[in-house]
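Presented sequentially are two complexes of subunit A, the first with subunit B as partner and the second with subunit C.
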Partner chain A sequence: MTERISFESAQKKALDTARTRLLVGGALMAAAFLVIGVRLVDVTLFGESGPSRLTSARNIAVETQMDRADIVDRNGVLLATSLTTASLYGNPRKIFDPQAAARALVSVLPELSEAEVAGQLSSDREFVWLSRNLTPRQHYEVNRLGIPGFDFRHEQRRVYPLGRLTAHIVGFSSIDNDGLAGIEKSFDAALSERRKPVMLSIDVRVQQILRRELAAQIEKFRAIGGSGIVLDVRTGEIVSLVSLPDFDPNEVGNVPDEARFNRSTLGTYELGSVFKIFNHAIALETGAANLASRYDARKPIRVARFRITDFHPENRWLTVPEIFTYSSNIGSAKIALDIGSAAQRKFLSDLGLLRRSSVELPERARPIYPATWREINTMTIAYGHGIAVSPLHAATAVAAVVNGGILYPATLIRRSEVPADGKRVISAQTSENMRKLLRMAVENGTGRNANAPGYLVGGKTGTAEKQVDGRYKRNALISSFIGVFPMNAPRYVVMVHLDEPKGIKESYGYATAGWTAAPVVGRVISLIAPLFGIAPVDESAAEIRRALTVNVTAPRARGRGIATN
Partner chain B sequence: MTTFSRTDTSVMGRWWWTVDRWSLAAVVALMAFGTMLALASSPAVAERLGIDSLYFVKRHLVFLPVAAAVIVATSLMTPLQIRRLALVAFAGCLVGLGATLWFGVEINGARRWLSLAGLSIQVTEFAKPTFAVVTAWLFAEKLRDAKFPGYSLAVISFALLVGLTISQPDMGQTAVIGAVWMTQFFLAGLPMWLVVGLIVLGLAGLAGSYMTMSHVASRIDRFIDPATGDTYQIERSIEAFSNGGLFGQGPGEGTVKNVLPDAHADFVFAVAGEELGLILTLVIVILFAFIVLRGLVRTMGENNLFVLLAVSGLLVQFGLQTLINMASSLQLIPTKGMTLPFISYGGSSLLAIALGIGMVLALTRRRSGQAEGS
Partner chain C sequence: MKRPATLILFSLAVVAGGVLFGIAFEVSALEERLTVLNKQITQDRDTIHVLRAEWSYLNQPERLEDLSRRYLELQPLEGSQLSEIAALPARRAPDPAADPVLAALLADAAPAKPLSADAPIASALNAAPKQRPAAPHRPSRHVRLASQPVSPATATGTAASDKAALDEALRAIFGNTASNAGGASR
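Up next is the complex of A and B:
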């Protein structure tokens, strides 16, 4: 009896334990089903799994699927965009007759080899690429064949609708959409992260005119290349930037290095007499000379083993404006001696000529200048030898000289208002005097061929011999011209340089800047001024003459005033 | 369906009035969903395998009535008959598992299938429910009669079964068998220090298989950090759910089945998510939860320890298998080959599940007095 009771109580105790513990098990089960339900709702309504599971590998996959942002010019014209293209693949397992399928496919895609396609389609695989990035028409034609087993994958392809026109600015990106050059590289992160287009300061209309005129001149004078820049002096915006030769960014496979080289920003050149703009500006700013100062230019200067001569010697005392107009090296060197090395270096530095440009391109040059700045360096730098800068450096500094004295960093990104990051480098008075000198050089001096009637062009020529292996080569020139218009209220700097132009009959055998670079600037100005709404004026109007004439009693210019060094 | 009068005392009449009709209805509903999804998902898989596109559909439709018959036939049995059936079947399973090791068909590096009279049988599937009943009997008997060597027999039979399934190797099934056995042991009054010990042992077993079996290690690595390998299947599965949205693409309209190799079996839940949508998929989850939780609640009122342990074991096995399948598809756990009861295609698993549910229904029938008949 006791046994029976103890047995029953043991049974009862065991049952109670089991029931209690079953409650735990049941609760766990219920919780697990609840988790499943919540997760189901989460996955269905909120897509991908939670961020904790998101790994770098998956992020990359997501990113490559996202469209890379467009690049547009200042008016919204498309320069670079991403297109979804269809790529054709075959599933051999679904193709009954590889020969017939290959024949049909080659009939719409003649660039494929029938034998090769038939071979691919006869394989035992489920996936073979047949042709990547089809055009919509090809896509349609293949679909129209109606052959099961041909299918498409969508891929992103970077397309540059204007091709060569902006190649050196926009650059290009790899097939995996990594920026490799130009804006594509410097804005790589922004382009891949955002959807809003990057708007450049470039105006493709101006770009087209500059490139066409420059290319024609390069061909005419059989130059090996050249560059052109149009810069807004009031904002630092680059409206046009050309470097020739160039390349088609849609086909970057076999482009020679020469064509990829951006001469306007990455090339550094001794720009010759163009530097007299800075020399004169520094002299007037520091008071080392004024517009009435006179210098003896009768004899070449001998310093150590150097001899500084004039290309077109006047062999007399010259005033400061005459030295500029006739581009006298002797006079410029003597002015530089009055300025002094320290002041020269400080001002060139202020003008941004001794550091890398801040323009938004990966291809930016660091200027080359003497490490120890001796007196002889000061004298040669006065007329642009012994210092090498990129054309963009020179154009940016000239913009500061003429715009009233404020240096704006050059930019390729469109600015909506006058930038606040300008820095005063010379006084408004000096700037005004420089405008007059630049106008004179075009009216009466070496830059005559740059004149565009009615647009009050001012500017300066520069012809320098190229240094090859440490020696100057007489027949290899860098011929450049920096123009500004309109001179009474400057709006744009237009700079052009040609690399190794050869003299032709029409130029009496000369390949100097006045014959080669200056005419391009003149033509470009007369073509682009209307685009900017700049109306021509009567250049002989008394008011304008008064505003742009140097107020010193200088002898009238004599001679033909062709380009000089 | 035929209706039975309350006073009908025929075998079927008594069955109808004593069986848990709610659970039965839920099972029927799941079978209907399963049929729909088999029709939707398996032709794509069959085409990929290069066989008749309706191959799986036809087989599913053959197995389905058999499964229904198994459920009804099993649920007609008394607890005693169930116990005997389980004992005999389990013994048969052990023999079958041994035979599988010798004569089994090797697929993907594992011997899990036994070819018998033209039918391929996955013996492990049948071992799971029968073993749960056998274990329940051993524990109950031990508690009824202290002299009965229940614990030793339970440990021995467990070691035997697990040894055989590990040899296949089939770690997923081993884990389920182990979890069910431990749950039953726990319910049978296992001291708490042993409970903790066994949990630690189970975790050590998992860690051990991670260390020693490269395919297990690779699956877990991929789950923890998808960058370490191919996570194509699970990513497509997740995509399928979000593609389905609230109302789904409609039966047959999904795309995930075209890319997932096991769309008709292990990943059938993803097909459901894509084609039926969130609402109907939640209904499926609720049906499963209903069967399991209702069954567990009902056994709490049970006075027979054997019945309580057996039903709990069977339902935990059923629920665990369901949860593992769903959690795999939802990337809550590493992918684990486990069928979704009644929904996934698979002859052996369908019949084994039918057997398990049949036994649950038999054991939960209303009985007057001690129906064990001892």
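Up next is the complex of A and C:
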């Protein structure tokens, strides 16, 4: 009995053990399935935590490799881009017949010398540069030769498809893709980080017209250089900026400094009578004079060792509008005395003429003006002597004078709407009067040659003698013209200056602004107005005449400093 | 009972295996294609990039100017060439009886559209040749501008014969510059 019981218990024990093991095994299996099930639910229902890295890596084609972003004009025309170019090198150890290889290579790259290439290929090295930065066609041609031992290395190269046209704006960068001048330098960081192109406010069509006309005039009057600016008066956008001579940014290696110098933003010049625009605006704004005031312009003014004379002397009492249209220095100096030094300085500062321009170029000039502002300075600054600013300074300030009195900082970057950073510098009323004066100066004053029929051009000439070693040189002139159009609702300022033009037969020996700079502005305006969709108007129409003429029915003059009504 | 179940399971396993392999091959084929396509896209992008630079290079305004001077008879637009329809001098209504060309025009256009709205256009058409500049071959903006409203009228004419008749009438009016009237320039 005991045996049986013990037997039974032994058997039972074995069964129990087996059961327990089965249970454990089963539980493990169940747990494993449970985990799989849970994971399955997780993946199918709640998974989707972004596609896995493997697939995403395969799904996206590699973006074009670019070390620097493009630069485009306001219409998207490419001004600067980076191209991957192939550079050819040879491995002389792999080349069996250097003579034949050299002959074949020179047949597709004719600029290489056969003897030189053969020499390089016969050397005992493993790597010789044969030609850097091939064009895609040359790359293809060399590949087609099928010579073992020729191979390529890919390099990024900055390319400026429009060459000289925008050289002074876009600038250029080094072979290591560091910006060295122009937008390339001022936007260096942004260009190397972002992929989106930088869109400039420049319009290449306007740029071409301005550059062509300016270059023709420089050649005609044998000037040593010149600059041109087209500025949108409502936004401060620079539509065109030209400085001649210029250079090809694709080959900056041996460009003379003269050509690299940006006359429109880095050059400072005494602009002469162009400053009468500001002098008159300040006078009208401060109330120092009004449109009916009259000044004695019969005799030159003698102050200290200076003598202020008129270039086109009228030798009589002149009204304020006459002083402007005949460009009287004497009258302007007298107006400036009424304005006073402090007010003159304040307004010139408000107009941005005493500080560096805000334009996005590294080549920006600081204006030169007297540290102590004496009465004689006030008088000469009235007609643009004793203060030197860059042409861009003057164009920006004139835009503020004519657009209703709001100064917008000049910019080279495309703006989509009217900027909010405008600052009121003169009243709308003063601005309207200045528009009339500017129109008169073109209609029957010194700026007649700038007229472009139908486009209501207004503007002011400025001829100044250049200072050389502290003395004014009679035959070295800066002739400039600032034009605005259309005068009834100004849209663009067009400024041109020529550096040292020489008189020619056609201009009766004159090299003054009315003969040299003004015609360029007139031609440029008549060519660019259709591009901007500005329709010509009938200039003799009654409402236009009424809007743009100053009616001066002044009583007799009463001497300097007394405003008349 | 046991046997059919095993059979079904076994065949299911075989089918599942077969499908799995099929899919696996398909995926690898697709992946290969994807790689090829991606490579091609990259290449095309690079090509586009180069072509864009070349396009910009070939479109240098200076070069276009030179080409235009050599091959086109166009010249810069001048302010005096632009005008508005409203600025054209008023003209008395033309008399179809005295003008056979206009009569033909009227006869063709009348059923398609009442002519009253087009009357000023007709007068503009007639007025244009007198202001045409002397150079006969130069496509004048003035002529083109004056004739612009003609195209909608052409569109309303249903039959092709209408258009042919109009073309003929225009040719009669403008002489050899008629080809410019449609807005096409050589």
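The rule is short, and it goes like this: the second predicted complex is superposed on the first by the 487 of 565 C-alpha atoms of A that agree within 3 Å, B and C clash if a C-alpha of one lies under 4 Å from a C-alpha of the other, contacts with A are read in each partner's own complex, and residues count from 1 in each chain.
Here is the rule we use: a contact is a pair of C-beta atoms (placed from the backbone, for glycine too) under 8 Å apart; a residue touches a chain by one contact, two chains touch by 3 or more.
Everything numeric in this text was worked out from a predicted model, so none of it was measured.
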{"item": "Contacts of A:Thr44 with subunit B and subunit C, given as first, second, both or neither", "value": "first"}
{"item": "First (subunit B), second (subunit C), both or neither touched by A:Val106", "value": "neither"}
{"item": "Touching partner for A:Arg19 - first (subunit B), second (subunit C), both, neither", "value": "first"}
{"item": "Partner chain(s) touched by A:Ala535 [first = subunit B, second = subunit C, both, neither]", "value": "second"}
{"item": "Subunit B versus subunit C as contact partner of A:Ile413, first or second or both or neither", "value": "neither"}
{"item": "Partner chain(s) touched by A:Phe33 [first = subunit B, second = subunit C, both, neither]", "value": "first"}
{"item": "Contacts of A:Ile504 with subunit B and subunit C, given as first, second, both or neither", "value": "neither"}
{"item": "Which superposed partner A:Thr81 touches (first subunit B, second subunit C, both, neither)", "value": "second"}
{"item": "Overlap of the subunit B and subunit C footprints on subunit A, listed as residue numbers", "value": "58"}
{"item": "Subunit A - residues contacting subunit B, complex", "value": "7, 10-11, 14-15, 17-19, 21-23, 25-26, 29-30, 32-33, 35-37, 39-41, 43-49, 53, 55-58, 93"}
{"item": "Residues of subunit C touching subunit A in the complex", "value": "31, 34-35, 37-39, 41-42, 45-46, 49-50, 52-57, 59-62, 65, 76-80, 82, 84, 87"}
{"item": "Subunit A to subunit C touching residues, read off their complex", "value": "58-64, 66, 77-79, 81, 83-84, 136, 159, 161-163, 165, 204-205, 207-208, 212, 452-455, 526-527, 529-530, 535-536, 538"}
{"item": "Contact footprint of subunit A on subunit B as seen in their complex", "value": "50, 143-144, 183, 186-189, 225-227, 235, 238, 241-242, 244-246, 273, 277-278, 281-282, 285-286, 288-289, 292-293, 296-297, 299-300, 303, 305, 308-309, 312, 316, 319, 323, 326-327, 330-332"}
